[in-house]
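Same chain, two partners: chain A is paired with chain B first, then with chain C.
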Partner chain A sequence: MKHRTFFWFILPTFLAMFFFITLPIISVVVQSFHTPHENILITVENCDPFGCKKVTSIDHEATKELKNEKPLGKFVGLDIYFDRGHLALEQVKQHWNNSENLLSFLSLISDLPFYKAIFFTLTFTFTVTPIMLFLGLLIALGVNAINRKLKGLIIFFSLLPMIVTPLIGSIILFWMIDSRGIVGNFLQITFEDPNLSLKASTSLTWVTLIVYGVWHAIPFSFIVFYAGLQTLPKDQIESAQIDGANTFQQTIHIIIPHIMPLITFVTLMQLMDNFRVFEPIIGFNAEAHATSLSWIIFNDLGGETRQLSAAATSSILTIIGIIILLLPVLIKTWREFDFKK
Partner chain B sequence: MKLLLIKVFSILFFLASSSAFACSISARVSIVGNEFPAIQTVGAGAKECKGAKVTANLTADHQKINVAGMSSKPAEYTSAIVANTSIVALLNNDLIRPLDDLVNKHGKGLKKNQLITIDGKIMAVAFMANAQHLVYRKDILKKLNIDVPKTYEEMLAAAKKIRAAGLVKNPVGGAYKAGWNLAQEFNNMFIGYGGSHFKGNSAEPNVNSDAGVKALKMMKSLSEYMNPDFLTHDSNATNAEFRAGNVAIMNMWGSRAATLVDADGVSMEVKNGMDIAGPMTVGGGKTPASTLFWDGWTVAKKISDEEAEATFIAMTNAIRPSILDNEDIRKQAVWLIEGYKPTDAARGVFAAAKMNTTPYPMLPYAGLMHSAIGKEIADFMQGKETADKTLSDIEDAYRASAKEKGFL
Partner chain C sequence: MMFNSNKINKTSLTSSSIIIYFFIFLWIFLAAFPFIWTFWGSFKVELDFFSIANWTNAITGENTKQTYGSPFTFVGYHGAWVQEEFWKAFINTSLVCFFVVLTSLTIGTLGAYALSRSNYKYTFWLLIMALIFRSMPPITLVAGYLPPFFEWNLWGSLPTTIIVLVSINQPFTLWMLHSFFQNIPKELDESAKVDGCSQYKAFGYVIVPVMWPGIITTGLFSFLLAYNDFAVTAMLLSDENRTMVPQIAAFLGTTYTEGNVMFAVAAVVSATVPLFILIMFFQTKIVSGLTQGAVKG
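Let's look at the complex of A and B:
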């Protein structure tokens, strides 16, 4: 493609990305360096249906001038990044000095909200992604091999988990795994333990969320791989068959190298998707056992508290996390690209 | 004949004047609020006004949108229906206006105790009260000869007997879902043990105390008699458990008591067996382990005076005393409106008010404390931490967010 054509071709996308991605991210970065001004507090008398009481309130007149002067708030640099709600430098240092080995250090810092969320997020990402890559490929190979007449029906049913809205899907499963729900009850009978509850223990909640994550993501990898399988080099496979290669050998030596770019693509997408795991935590009411960075942002923004700076900081940390996570894959892609050139 | 004519005319005149008096407004009214039945009634009442457009956005997510919707100029919402918890965010951002002039002009029917004043200025008009109190199965208690619990200690003893008798496996219910609900239960218990969340009039936290430890331990003891999934049960799920006959005693919101067993499929046993009583005390204290709430409406600051006046007229119309002529509406809440006679379902909240239950504090930083408690307390309930560690975690989490918001 000529550079000129390419430029006009990419311009609309570029503009949209600049206005709807770059600018908002810049504003989030700026927000994360600022906090609201200190409130000037006064004591006033409040009366309600239950009587009168002296309470503390914000003096709006006094705070107004400050707000008009610097509407962005107080510049605090990286303070929010290092406070207890985020990287918690002070607490981490303390725990490091107080712990004898790495394991006790990890268990100590897993009590801090940011690290607690990171531990779950990483566990989720690094279990769901490989499992769903493997199962997705398996299903794609299976569907590719079955009778043409059945294919349409099977593909439709295999795609269902992705069609269901994540929040709705997880709420439905939440009731199914309830100790009185069909799955929960079945497990109780199978393991002959009437007190077994998937929702009451942290490890079982994690397993539930991971199983849900895999269930929801498989259709994506399946359909991408299935599309890839339609472009298989027939003559290569035929010559392999003549050479006496079995199905497993054909898969390892021909099919997988052929669809490798697709595997990289699905891995990239899924690492990003799984790192910002959110809906299942809400749907499964799992906040007591598992939190993620996205959940922290949601929690900071909702309700009465509205901690904008904290949410902005968590957002930036999420972006940094995703960049670190994708770096190896991106470097690999870059090298391969250069090499071919 | 002449007399009759005069009579007819005077009646006609009266009708005309009263309908003209009913509710006419000359500027737009736009309401945002929660969505439970009593608030639906208020929204519908405001819509009866003629002369300009009245819209109502009633949703459980009202707290997520009311601040943003009232910050623009002119504000999208001219009125927000709030409680003593959620008014704080509007006050903190200076988004609602004093109503003194409007009350003088249009608020003749309002009772004095409906007017919420802050620093002497009327900032909201309350229309109902709410509190958590005891809801129980009288048939089960009777069968085992247990008196209606007046304290949490008696509740525990009753739970032990009910489980031992094999009547209900997990007899205690409670909205213990991690987050807002669980924090609210802690607040109740903490106040019941005589605790106060802040040091004096400052924003310094004060939960890491003897009362805090006792409150946590009592909650833990209660949870042993609850469904093991209690950390996922909000008040809806807890009510569902009660309806299904899986719960015999629980601390529940008054605003839900009236309609608790009205749903389809509730057995006659549960329907006839359900009863309510006042809130319980704990640890020998006199103050009930509960908190009082009011629900009321406000008028936005960033709107024209005409819109503010129209909003005030429409909202006052929505809570006029004559709405209580309807039996269904009368049952929906503990109304603070003139002429309200308590229904049977209101006994619990009335008992709470009579027992001098502490109102939820209208402090600018109360929401931050509530959120910190909700985040940290689940670890203790799962037995992962000691009470002391959890309480100091709550204070640390609160300090971090209060510092960010400029309170410390």
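Let's look at the complex of A and C:
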């Protein structure tokens, strides 16, 4: 395709991405280095017949002028990155000096809001991803083995947890695990503990969030793996069967290698999606026990005081996190491209 | 055996196949039950939906019968749609989804076609940029939107949100359509050009007609992205312009205090029904869309 034609075809989508992704990223970077102006205070002496009083008040005009002059706020460099709400260098240093071993150090810094969010985000990402891969593969193998007539129906119901709005899905599960809901009530009866609540403890909240994450993500791996199983090399499996390989051996030596590219693909997508975990925390009303990086950004942005600088800094740190997470894949794509040329 | 039951070992219902059936039905139960329970419960009163006394009330609706004389009531739906004006959110969602899908597909098809038919190095870089953008959580961009939107009075309106949703979904749309275009042989547009078509005409008259399955599949996914979005719509829409998902989130805050949980339940069910219908009609398309990216890598 000629450069000229290419240009006109790509222009609309390019403009959309430039103005609403590239520029906002730049703006977020810039904002993360600035903090809003403090109000300029002036002290005036008010004198009346009974004496003079010093009154401190906000100089609205001067403040406004300053804001107009520098709408971005005061340049503070990396200060916001290192403050208590983010990387908290000072506190980390203190905790490092005060703690005897790594474990107590980790438990100390997990009280800092940003590290708390990182811990949950990483735990969520690295538990949900392997579990959903494994269960999705099991279901795909199972569905592949049963009567074909049932498959359409099975796929229909399997799609539900993934297609449904994440916020709505998590709200529904939240209602079910409510102590008056059907699952919560059931658990209370089974464990004969009328006070058992999945919402009250941090570890149980984490478990429910992870269970939700797996429930939501299984359909994706199931569908992709199931599609992959339709292209299995039949002759290989037959010869393996003749050689006496059992089902397990066939799975390990023929099926898994065959769908390995799909496993990589699903893993990549899941790492990306699970790293941005956010809706279930709102849906489960879990912010007291679990927060994620996305939740921190959302929390800073919302409410009466929109803390844009804080949110911008968290956003940049999140993007850096995702780049680190996906670096191996990016390097791989890069190498493969050069190889092809 | 397990993976091609029709070939060797036709021994019916062995113990392993019983385990498989049990496992599959357990998964189906786990996948479907929450929705069935919520749907059924949405026609009950709160005391039945959350039954402290006896969990069978959730099925039989004892308290609903006592209050309204029948085990089914539309009070929750009436409260959500009429009293709390959920219909407004429904209309907003419809508008947002319609225009997001329309715009995404229009500009996405053009862009993806160009990317799939060009071999220059910048094509690769554009695709890589799109991949990186695709991997970033959309919420990380919101801090960049707010100051200019406030400054120019764009914040809170539906068109602004539509444009933002279109843009942040472009990377995904581009990748998906790109992989569909790659499956269409290049000879097709080459031969059209030999016959005297310009690139634009070849695209419009030859490529787009054979692309419809791919466009529909991509459209479904960009519909889902717009429909399911919470983070961006909650941040960018003013109260009166809220779409369904942020409206439900707002319900949760107010209804818990007012004791109208059933309004929220009815709203949740109402917002799930369109998705249900969507899967019913487009199941194969959704499956092909999910596997498309995988097959092409």
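In the analysis below, the second predicted complex is superposed on the first by the 287 of 341 C-alpha atoms of A that agree within 3 Å, B and C clash if a C-alpha of one lies under 4 Å from a C-alpha of the other, contacts with A are read in each partner's own complex, and residues count from 1 in each chain.
The rule we apply is simple: contacts are C-beta pairs under 8 Å (C-beta built on N, C-alpha and C of every residue); 3 or more make two chains touch, one makes a residue touch a chain.
Computed from a prediction, not measured in an experiment: that's the story for all the values here.
**Student:** Can A:85 be said to touch chain B (first), chain C (second), both, or neither?
**Tutor:** first
**Student:** Look at A:56 in the shared chain and tell me whether it touches chain B only, chain C only, both, or neither; answer first, second, both or neither.
**Tutor:** Once the two structures are laid over each other on A, A:56 reaches chain B alone.
**Student:** Counting residues of chain A touched by each partner, does chain B or chain C come out ahead?
**Tutor:** The partner making contact with more of chain A's residues is C.
**Student:** Should A:178 be classified as contacting the first partner (chain B), the second (chain C), both, or neither?
**Tutor:** both
**Student:** For A:134, is the partner it touches chain B (first), chain C (second), both, or none of the two (neither)?
**Tutor:** neither
**Student:** I'd like to know which partner A:47 touches here: chain B for first, chain C for second, both or neither.
**Tutor:** First partner only, chain B.
**Student:** Would you sort A:302 into first (chain B), second (chain C), both or neither based on which partner it touches?
**Tutor:** Both chain B and chain C are touched by A:302.
**Student:** So chain A touches chain B in one structure and chain C in the other; where do those two contact lists coincide?
**Tutor:** Comparing the two interfaces on chain A, one with chain B and one with chain C, the shared residues are 178, 285, 301-302, 306.
**Student:** Taking the touch rule as given, give the residues of chain A at its contact with chain C in the complex, in rising order.
**Tutor:** 1-3, 5-6, 9-10, 12-14, 16-17, 19-21, 23-28, 31, 71, 135, 138-139, 141-146, 152, 154-161, 163-169, 171-173, 175-176, 178, 180-182, 185-186, 215, 218-220, 223-224, 227-229, 232, 234, 237-238, 241, 247, 250, 255, 261-262, 265-266, 269, 272, 275-276, 278-279, 282, 285, 293-294, 297-298, 301-302, 306, 308, 311-312, 315-316, 318-319, 322-323, 326, 330, 333, 337
**Student:** Going by the contact rule at the top, pick out the chain B residues touching chain A in the complex.
**Tutor:** 63-64, 67, 84-86, 88-89, 91-92, 94, 113-120, 126, 129, 177-180, 201-203, 227-229, 231-232, 292, 294, 336, 353, 359, 361-364, 367-368, 370-371, 375, 378-379, 381-382, 385, 393, 396-397, 399-401, 403-407
**Student:** Going by the contact rule set out above, which residues of chain C touch chain A in the complex?
**Tutor:** Chain C reaches chain A through residues 1-5, 7-8, 16-17, 20-21, 23-24, 27-28, 30-32, 34-35, 37-38, 49-52, 55, 58, 106-108, 110-111, 113-115, 117-118, 120, 124, 126, 128-137, 139-148, 163-164, 166-168, 170-171, 174, 199-200, 203, 224, 227-228, 230-231, 234-235, 245, 248-249, 252, 264-265, 268, 271-272, 275-276, 278-280, 283, 286-287, 290-291, 293-295, 297.
**Student:** Over in the complex, which chain A residues touch chain B? Could you list them?
**Tutor:** Within the complex, chain A contacts chain B at residues 35-39, 41-51, 53-58, 60, 64, 74, 80, 83-85, 91, 111, 113, 174, 178-179, 195, 197, 199-200, 202, 284-289, 299, 301-307, 309-310.
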